[in-house]
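What follows is a pair of complexes built around chain A, which joins chain B in one and chain C in the other.
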Partner chain A sequence: MTTTFEPAAGPATDSQVGRERLASLLQSYGAAIVLVILLIVGSIAFPTFATGSNFSNILTQSSFLLIVGAGMTFVILTGGIDLSVGSVFALGGVLAAYGSSFGLLGALLFPLVVCGAIGALQGFLIAHAGMAPFIVTLAGLLGVRGLVLATTDGGSATPLITDPVVVALGQGQVLGIHWPVLIAIVVIVLGSVLLARTRGGQSVYAVGGSESASTLMGLPVARVKFTVYVLSGLCAGLAGALNAAYSSSGVPTVGVGLELNAISAVVIGGTLLVGGRGNLVGTVAGVLLLSVIQNLINQVGSLSSSVQAVVSGAFLAIVVIIQTVLSRTQRL
Partner chain B sequence: MTDAGTAVLEARDVTKRFAGVTALSGVNFVLRPGESMALMGENGAGKSTLIKVLTGVYQPDEGDLLLAGSKATFARPLDAQKAGVSTIYQEVNLVPLMSVAQNIYLGREPRGRLGLIDFRRMYAEARALLSEYGIQVDVRRPLRTLALGVQQMVALARAVSINANVVIMDEPTSSLEAREVETLFRVIGLLRERGIAIIYVSHRMDEIYRVCETVTVLRDGHVVHVGRLDDLPRVELVSKMLGRSVEKVERGGVTAFRAANESDAPPVLVATDLSRKHQIDGISISIRPGEVVGLGGLLGSGRSETLKGLSGVMQLDRGGVKIDGKSVRSGSVPAAIRAGIVMLPEDRKSEGIVPNLSVRDNIVLAALPKLSKAGFTSRRKQDAVVDVFIKRLHIKVSSPDQIVSELSGGNQQKVMIARWLAMTPKVLLLDEPTRGIDVGAKAEVQSLIDELAHEGLAIVLVSSEVEEVVEGSARVIVLRDGSIETELRGDQVDENALLAALAGGSAS
Partner chain C sequence: MTQATVSVSVPSRGSVLAVFQKYGVYFAIVLLLAYNLVATPNFFAIDNFRTQFVQVVPVLIVALGMALVIGTEGIDLSVGAVMALAAAVIPLYVGYGLVPTLLIAILVGAVIGALNGSMVAFIGVQPIVATLAVMVAGRGLALLIANEQLKSVTNPQILALGRDSVLGVPYSVLIAAVLVGAVAILVNRTTFGKQLIAIGGSRRAAELAGLPVKRILLLVYVLAAALAAVAGVIGTARLGASVPSTLGNLIELSAITAVVVGGTPLSGGQVKVLGTLAGALLLQFISATLIKHNVPDAYSQVAQAIIILVAVYIQRGKARVK
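This part shows the complex of A and B:
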């Protein structure tokens, strides 16, 4: 028990260092390893699993969650949480449908501006007014969903997208890959560079690692926190717009519970819920893992979709337990 | 070097108030390039407030800070850093998950093309910077995997590399090993040669006299002494900090203690070799029933830690406590309470009273298990206990149902004492029992301590008020840097002797 009080004083022994390094690798790449195993098992068990069209399908289905998860990763890395993304996702879709009457620019700009502004409002309340992220974004979840209903006649109207260019943004393909997947890849790559190679990205890790130390080191803590919620709002809005383009309509009821999927994917991807550690590669693995599990359950066919929720839930619980064990091994 | 050039940092009449309480009042000091100044003062003297003003955490209500002769305002810590005032704190304030190099350069990482961070250059620069101070370490390793001393060096390297002219060190050695302290002192020497001024805050006299040239002593928010250290004897420094004059010490009549509380019964509590890394080392105490033993020592000497070791609040590395010859499981508060050791904590507000509960509930809180059957509490038994203590301790309440936070500080303290007396303890540990309560209540608490000792309770008294320790205690055990410096008995117990012992080393 005394180890919990004593800091890692003095050089650790070789076996300790080895164990810590292994734990650290497992934490970062565990999701990717499990993903590979599932892909192999699935390919052997189901002839219809390892096909180009199925994989393309999994990727397209995952692309929206990938974009939302990218924003969520930034937020969680600072030690925060964004529960509003599901509602913002739906709002982004509805606004994209309305905006599509002004062409592609309207279909993208309209949702991005509004969803970015919602993120900015939440970020302001959290970063500058010092309110709890959980409460602020819970209010966002409820309020924005209300906004969605208000703009769609209480949810009964589903604005359609008729502009062929906008529809192509969702359904069109380049080299057999849907546009949303390509855009998700761009978001992930840009986000990764931002996190790993810029001062802003480093401050995201620093704020999550120790907010008080970051303040004392003179980092712009409030600005960092504000920015991640704006990013999360933008990502959710973009994903919503792409989803609307993909289904040619802004359905007001989409995205319910999406925030929980996004948080699960980020955590499964090895990002610490307390912040300071994790990356977007992990989030990609987490998102794909959730999608592959769902796909495999569909392959079995006889299992209902509710079983999928049970499996995902159990999976998340196991991941969190393993993460806790790994964190202790690393004496985080 | 002291007289060379103009002041690098100067405070002029700096005043800071919090909700009507003056924390700093007209503070002046001058710091020259290459100077190392000790900032001394006991609890509540205003040291931490002053440091926070200097580092931009607080802004002064009145007065100015001057950097190299021109007025400076720090709206936030970043402003102070940019202006060349860096701070390293007692607890290493870096991000443990990030690498050594990342920690040194956070917020000002070297950038290459496209504004992206150039990690290769950052690692090389970090390596070069640390090796200047003789520290060889893999700069890509996460900070948390390094020993605390090295972490402290990284913090220092960061502070200095921000072109600091002034480095403020707040208790930098409190968690360092002796060897690491040597490295720190060597680095401080290097910094001073480069003309960087140091403000050094520590409770360790030996360090102060080794590292510092000048000293500024604060007491109750005022600067009470400024001068060179080499012509200031330790005992005088201590007396300035505590506000007692060395020559003229009057004995008697200051406190409400009637007699030195002695006893010659066999000891009820015997503690041997209480030790915990960086906090206390080999402390052995025995106390007899009816005896009041004072624990003297400056802030940081291990007074409160000793009480925490005795009461099971703090895990011990070594040593143990026996009550009536029976060992008490160490590091367990319930075990200590069962054995009859109870403690009145120093910080009544955060560690003691439950402010929103009634006087009754606060008194019976600890004794509830004794007053209940099968999990149900008996209101009648509670009322009987509460009644007895309210009368006996003269607690002024409108009714036992009054909310405890409505009471005065003195009465709150009595409620706390009542809570522990309800447990019928054998040993009562009092940590600053009269701090923050008015004079009248102070006297009442003091005579209560007298009375309890008279009834056979063994009492350990920690107080930063010299006269309280001297007049209330039969013996005073003086701690310094976590060990017992000396023990004063009988006639030896007077203020001069205590001050001399507190200062340690070259006394009297």
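This part shows the complex of A and C:
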């Protein structure tokens, strides 16, 4: 963290405090503000944008990334990173498809148990063996994709989901809202309560803020770090299972690069990669922002995929630059 | 040994283990080669080694730059996109001959590197997000420049760069060898090298010591991108075509793996150039061994993941000291 000291400044004036508070608010809610602006601009510019079906579409498309991003937020809050989520997402989908022959319970339990176990293995190596999160989860990205290929005949088999109950989990609606959206909301609410209202959640912030201080305070640092990777594995597996239900098949090639989307969304949402600061509300705003930008680019229609990539990359750069500048003006 | 460290003392846990930790990646290569000598027919044929070395060149060159960036406690995810950009500009300038084309490609890389470096050094954006944004936009830009098309490259000089040899050594391998030497000298024998390692060791201390931290960081990212551009030219020469849609895809992951397996910790403050070479070769030999024994791609990926974890686990004693 960059802390700026002004030795001779004396007590901060009201305007300074105000400015710092504004900067802090902008950093935390910057994504939400940009999101609102984009929604307004989009509604004015494109008649097909502000329609119920388009919004429902945006939400459904976002729901999988929301769930993955929730897990990623926990990990990043501890100062870690999870690059394996894209591969775990694919594995979750394939396992859900295989498990669906045992009904809804199989379609959910099978991926959750395996993906949770993968998260636990990574968490163990990071928390207890002291290995760098980046490397462990990079190996996870590679190894789990290998598992996906191994369970699908080298990626050529696409297990289908025929159980109507499982398909309904992905495609069914309540009050016009798809189930994955509702489940994503539940995950976000549960995660927020966990982070803000429980001792474990506070430990997550403490570990990310300063690992050595947390150790000195007697917090179970290793257990906290272990747990966030299990949570991330569970979230990625759940999102993969829901995505498979939504598309009624476990496609082995999905989720490539998903980790980068999830990390971007979390960072755009104001969570610092060094850990210790951020929240799930920001991640929601970050995910929706990415989806809305994508949707707006699609509304223009004529933009090629390469222009889309340039626009989203440039946008990401602008957002992180603004955030970095804002976070530097605060006194922390 | 071509390695520079910032006062890292390995806690004594028996000299054998310490030696194994220090030279783990070299032991792994020897073991793998010994296995292949026994179990893989024709692995030791000169032709096979030539193929292996030619194949490792792009990853190796990218990894050299990555090692510098990681030495400063940074990371560069945009290297694959830089390769694609280099590939995309080749058809535009190929008419001017090999050297101008090469220079233009390196210049394009350097500009992208300056963009990364400015965001990291001057604005203070975290390297992983800054270079992620450039990675996404850079690949898109490469496709735009190329009109989303694949173009074959017919210039004989450029093709020769990818295919011809001098005294049995392919040009691309020769270039990579020169670059390994140059980066080793840069890291171990120049002030710049010592400064970049100092920044990785402790940026704050480097600032207090009056080092031009921002300028060094900028230069490191420029170098990494320029090296990636060279890799892009060589990759294009080997394919005989400019393929910006796939060239260098996911190479950042291979390069980071090679650097880390080679003993350079992600926490910065050390750069092991020979280790990076060994790391890249080890990854290449592993995949070649698995391919020659007809191991399906799926299991090969799992095996690679396990080997990476083991290699890093063995070396973790050193990294933790920092």
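As a convention for this text, the second predicted complex is superposed on the first by the 319 of 332 C-alpha atoms of A that agree within 3 Å, B and C clash if a C-alpha of one lies under 4 Å from a C-alpha of the other, contacts with A are read in each partner's own complex, and residues count from 1 in each chain.
Operating definition for what follows: contacts are C-beta pairs under 8 Å (C-beta built on N, C-alpha and C of every residue); 3 or more make two chains touch, one makes a residue touch a chain.
Just so it is clear, the structure is predicted and the values come from calculations on it, not from any experiment.
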**Study point:** Partner chain in contact with A:V281 - chain B first, chain C second, else both or neither
**Key:** neither
Review point. Regarding the shared-chain residue A:G154, is it in contact with chain B (first), chain C (second), both, or neither?
Key: second
**Study point:** Which superposed partner A:L104 touches (first chain B, second chain C, both, neither)
**Key:** neither
Point to revise | Touch count on chain A, higher of chain B and chain C | key: C
Practice item. Mind working out whether A:A120 is in touch with chain B, chain C, both or neither, as first, second, both or neither? Key: neither
Review point. Which parts of chain A are touched by chain B and by chain C alike?
Key: 2
Study note, to complete from the structure: Counting only contacts in the complex, chain A reaches chain B at residues 1-2, 5-12, 17, 20, 193, 197-199, 202-203, 205-206, 209-210, 212-220, 276-277, 331-332
Point to revise | Contact set on chain B toward chain A in their complex | key: 55, 76-78, 81-82, 87, 89, 93-98, 102, 106-109, 111, 115-117, 144-148, 158, 175, 277, 315, 317
Review point. Any idea which chain A residues touch chain C in the complex?
Key: 2, 81, 125, 129-132, 134-136, 138-143, 145-150, 154-155, 260, 263-264, 267, 273-274, 304-314, 316-317, 320-321, 324-325, 328
Check your understanding: Of all residues in chain C, which touch chain A in the complex?
Key -> 75, 77, 119, 123-126, 128-130, 132-144, 148, 253, 256-257, 260, 265-267, 296-306, 308-309, 312-313, 316, 319-320
